[in-house]
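Labels for the chains are A, B, C and D, by order of writing; each one numbers its residues from 1.
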Amino acid sequence: MLLKRQIPIFIVMFFGFLTLFGWFIDQKQVKDFVDIHGLQWYGIISTFAIFLGIITLIKLQLIKILKKQKGWQYSIVAILGVVFSFTAGFIYKGNPNIEWGAHVIEKGTMFKWIFEFIFTPLSATMFALLAFFVASASYRAFRIRNFEATLLLISGMIIMIGRVPLGSSISSWFVLYLLVFILGITINSIFKNRNYTLISFSSGLIIVTLFGMYLGWPHDKPGIFFLPTLQEWIYKYPNVAGARSISIGIGLGIFATSIRYILGLEKSYIGE
Amino acid sequence: MIFNEIFGAWVAAFLTLAIFSFLYKDNPFYKIAEHAYIGISAGYWLSIGFWTIIQPNLLGRLWPSKEYSDLSPWYGLYNIFNSILPSIFPEGGIDKGHDMDLTYLIPFVIGIMMILSIFKRFNWMARWGIAYTVAIAAGLRAYGYLNSYILGQVKGTIVPLANTGNPIFHISDPSLFNNLIILIGTVTGLLYFFFSKEQTGTFGKITRVGIYFLMISFGASFGFAVMGRISLLIGRFVSLIDYSSAKYHHATIWVFLIMVILLAYSSYTEKKSPSSNI
Amino acid sequence: MRDKNFLIGAFIVFLIFLFLQITKPDLYISDRGLLLFLILLFGGILQFSTRHALRGGDVFLRTIPGVKAVEEAVGRSTEMGKPVLYVPGIQDMDQVETVAGVVILGHVSKMTARYETPLNVPVARSIVLKAAQEACKESYLVEGRSDIYNENMVHYVTDDQFAYAAGVNGIMNREKPAACLYMGKFYAESLLLAETGNSIGAIQIAGTASQSQIPFFVTACDYTLIGEEFFAASAYLSQKPDLLGIVKGQDIVKIVMLIMIIGGTLLRLFHDLGAINFNILDFLTITKG
Amino acid sequence: MQNISNFILKLSRVDRRWIFLIIGLSVLLPLFFPLGLPIRPTDTTQRVYDAFESLEPNSKVLLSCEYGPSTKPEIHPMVIALLHQLFEKNHKVYVSCLWPDGQFMADEALKEVAHLYNKQYGKDYVILGYKPGNEAIIKGMVRDLRAIFSTDVKGTKVEEIPMMEGIYKFEDFNFLFSASAGFPGSIEWMQYATDNTNVKMSTGTTSIMVNDIMPFVVSDQIQGILAGMPGAAEYEKLVGKKGIGTSGMDAQSIAHLVIVLFIIFGNIGYFIERNREKKY
């Protein structure tokens, strides 16, 4: 019981207090631990955990092969992959001029070759696949269910268009005319009366045109209808306000939970 | 152009296109690439972790070359390792610029326990490592988040409202209007996360304003996320175009053609035998 | 304020802090005093409200629509005779969100046990696998339905991010769950999950604190628990007084911060107008050290 | 009217492979046939530029590379454009990396730019290299840089590198630029280095991180931000050196337009469907 229960709790409380209050102590050993050793120890432990993960991975794939489950042939590829990169990492450098240890970060070794021509294209392409899924999701999943979702999608679309060069090619007057058009549609769907629609639509057109002639059709004025200016306003002010309240909330949530761990109020992570 | 690089370009072009082929449908090319990815990434991270953390920072502190002597039993143990695995334990101690620090035996032991927990009997051994991880995360994070996320953000929200020379309204530069937007948005947003009061009446109206700010912020995140995905796709296409040059013997084009032919053939045979259509 | 022990403890801690601030011994980095004060203050508030709740004090929490919807979603699955899919994020147990996700899973599995609805929990880490299995087993036991508990309802897919997402997508397409719950830490795969879930017409409820993924959930899911709401949800569902107390304490800390923001703005206004000499920004800046 | 809405409904149920094809082509075609849309620097990009312009000549700038090949398209063009600016103004560039891949990226960028300005390794720029340890490295550099970096990436002792004279800790630098694609990165630099010292920093990040960092930019904890590939293109424009960022912008513009149109069309279909459901 001592080994399974009391010691883990002691570890959490001791190191939690040490690293939290170590920030305020000007003493070499404590400072060294808080600044350097504490995290290096963590790095060491988490690297040992990778061994654990690999053993699990190989075990699962081997079971698949031995039981000839569906798609077991591909499990062979996975195991070969582990063996291949393990070989390059620990057994064969491929370049005698480079020392062990440096071979994982120096050019001209087999490990680096794996990195450049296998690991990089795979991870980058997996990421790039998301561009396609964003496109299909925007067609099929991003729905204007309520006012909140409308706000979200509209601010997203303004950022998307306003941030790229295309946005600065669109005149603010085009946006204004577009707004008049949307206004017309909205009035039509609310009142279902052709006359209202016609009146509001044409008066909108006339007002915008007169206004434009008066100002001499400047490309980027009035600023609120020029997408690059508008997106900048959105992302510097309302966006920051929203993001800030979330940040403070998350900061507070994490602080509260950390305190909970350090004081030993929450022990679910060690199976309590 | 060296053989290694040309061969590499072919491999890279194959893997890239194999992953992209998933867009057409799940197929053997994709499955090969996917499983190769799982296996290779596991070995890759293990090697990186071992050679950049365990060997220099752990072993390099337990047996530094600075304090090497043939006589000490501690280095006698090292010499045994040296005769078995000379690549990890080079002759004369490990020179990574560290002094000897035997406190590092603690993470060493905890790490070994972590691996041993694979056996059912030693299942509990993982708890020590988890406990240490949680402690470090909690202790260090609490300070950092309090300083940068809470105090820094609270400070940022204390906006000037007078005597700054800012205009009352300006769309993109600092102005009184924009400062008020930040103040109101942050305060109402924070109120939205208030749990001990029902969001009805006036309070409900205020928190609605908060939600609108949150939604605009999510919209911006959304726009930027889309932007990033597209940029990465551009990057991928640029390298595929690069690999299709004569320098690499038009790798992309050939691999693409072969894949299309094979996929077309397989869907042709599948149509013949409808039973395999699951 | 009848918690005598707490008051005495708080007073002693405050005296120690005062002593440090006044004498400034060599060992103490006094430039960071403000932060130490805040840690002690916020920590004290959280501790106090926990103790308050444990002693049976009143803890009221407003309803969160997303939390309420969880039960409805399970109910709908039962009616349709389809399984419930639960994804506890793709990170390990060292993330607060994952822990919260596993705790919520405990409550969801209680509902599925009650309604005898099949539950499917694919996970991405071996440690999460163990924790999630424990949570489900416990719930089925508590509901007296350990006869229908099956260890394979929680199963490991793979550690790799996109391979995991592909695996879960496969499950969705084959089993067509009526309810998909995503609770935990998510990265880029959030979109893949939500898009597929949307295409099979499932009720989707998401909860996460990953800021950049929330928009995808908000647009593609029926309900989303945002940031702090998500952490509160686990306390809300658990109904454990100490956890509820912490949430209540967070509210008090929020009030303190609102006072800091509004009071600070006023102080700055007076300062800028030349009415007072005290600069709040300098006070809040942690001097370098 | 009925026909049109039927048609739209039909379109909204189209196989998603057609969507994939359209988005793929809208990225690929502009790469072959550029449109040359004009680029306009945004305010936050301008702030980064101004921050570097206002540095005294011969300033010591720490450039921290925290990105790898998978995010190279977004960050790498920024680093190249920035190096042009720094070398032109004769600043000294120190490169450190918190990600192992960062040093290859930095090496590649320096090889491309340094020789154009006749800059020499060790005198005008140095790569200190990668050290594992995440935020511990940042904290260590703030306390004692030479304890963390006793040698540069080539193994030369720091004492023997001319430009390392007078550099003992993080505060001896004049400015920090963090080219960051995630953890550890800009946020950690801010939390553990610049928030605790008098050194200022700017950052260039992937698009997805922009919103996490933006509050810190507005509160002046970070001086400006280069946001993703468009940010890189804008910086290229300010510095006056066209690069990958600029050439990718047409594809980026078209793809964004296509996605916006998808959202609009998808929602029109959704509305029609919902209205019909109401009627029946």
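Here is the rule we use: a contact is a pair of C-beta atoms (placed from the backbone, for glycine too) under 8 Å apart; a residue touches a chain by one contact, two chains touch by 3 or more.
The shown structure was predicted, so the numbers you read here are calculated from the model rather than taken from an experiment.
Student: By mean C-alpha position, what chain is farthest away from subunit C?
Tutor: D
Student: So, comparing each chain's Cα centre against the centre of all protein Cα atoms, which one is closest?
Tutor: Nearest to the common C-alpha centre lies chain A.
Student: For the interfaces B-C and A-B, which has the higher count of C-beta pairs in contact?
Tutor: Of the two interfaces, B-C and A-B, more C-beta pairs touch across A-B.
Student: Calculate how many whole Å lie between the centre of subunit B and the centre of subunit C, each centre taken as the average of the chain's C-alpha atoms.
Tutor: It comes to 22 Å between the two C-alpha centres.
Student: Could you put a whole-Å number on the gap between the CA centroids of subunit A and subunit B?
Tutor: 10
Student: What's the distance between the Cα centroids of subunit B and subunit D, rounded to whole Å?
Tutor: Taking the mean C-alpha position of each chain, the two centres sit 16 Å apart.
Student: Give, as an integer number of Å, the spacing between the C-alpha centres of subunit D and subunit C.
Tutor: Here the centre of subunit D sits 31 Å away from the centre of subunit C.
Student: Which residues belonging to subunit A are in contact with no fewer than two other chains?
Tutor: 20, 23, 38-40, 43, 52-53, 56-57, 104-105, 115-116, 120, 123-124, 126-127, 129-132, 134, 136, 138, 140, 142-143, 148-149, 152-153, 156-157, 160, 163-164, 232, 235-236, 239-240, 243-244, 246-250, 252, 254-255, 257, 259, 269, 271
Student: Specify, in ascending order, the residues of subunit C that touch 2 or more different other chains.
Tutor: 35, 39, 42, 93, 158-159, 211-212, 215-216, 218-219, 226-228, 250, 254, 257, 286
Student: Could you pull out the residues of subunit B that touch at least 2 other chains?
Tutor: Where subunit B meets two or more other chains at a single residue, that happens at 23, 34, 37-38, 41-42, 48, 52-53, 56-57, 126, 130, 133-134, 137, 140, 142-143, 146-148, 150, 153-157, 172, 182-183, 186-187, 190, 193, 214-215, 217-222, 224-227, 230, 232-233, 235-236.
Student: So what shape is it, when you link every pair of chains that touch: line, ring, star, complete or other?
Tutor: Per interface graph, the chains form a complete graph.
Student: Note which residues of subunit A are touching subunit D in the complex, please.
Tutor: Touch residues, subunit A against subunit D: 31, 35-36, 38-40, 43, 104-105, 107, 115-116, 120, 123-124, 127, 131-132, 134-136, 138-140, 142-144, 153, 157, 160-161, 163-169, 228, 232, 235-236, 239-240, 243-244, 247.
Student: Using the touch definition from the top, list the residues of subunit D that touch subunit C in their complex.
Tutor: Residue positions touching the partner: 195-198, 208-209, 211-212.
Student: Per the contact definition, I'd like the list of subunit B residues that touch subunit A in the complex.
Tutor: Residue list for subunit B touching subunit A: 4, 8-9, 11-13, 15-16, 19-20, 22-23, 31-58, 87-88, 90, 101, 103-104, 106-108, 110-112, 114-115, 117-118, 124, 126-143, 145-146, 148-150, 153-154, 156-157, 171-172, 178, 181-190, 192-193, 210-227, 229-230, 232-233, 235-236, 239.
Student: Touching residues of subunit A toward subunit C in the complex: what are they?
Tutor: Residues in contact with subunit C: 20-21, 23-27, 52-53, 56-57, 60, 126-127, 129-130, 133-134, 136-137, 140-143, 148-149, 152-153, 156, 243, 246-250, 252-257, 259-260, 263, 265-266, 268-269, 271.
Student: If we count contacts the way the header does, which residues on subunit C are in touch with subunit D in the complex?
Tutor: Against subunit D, the touching part of subunit C is residues 211-212, 286, 288-289.
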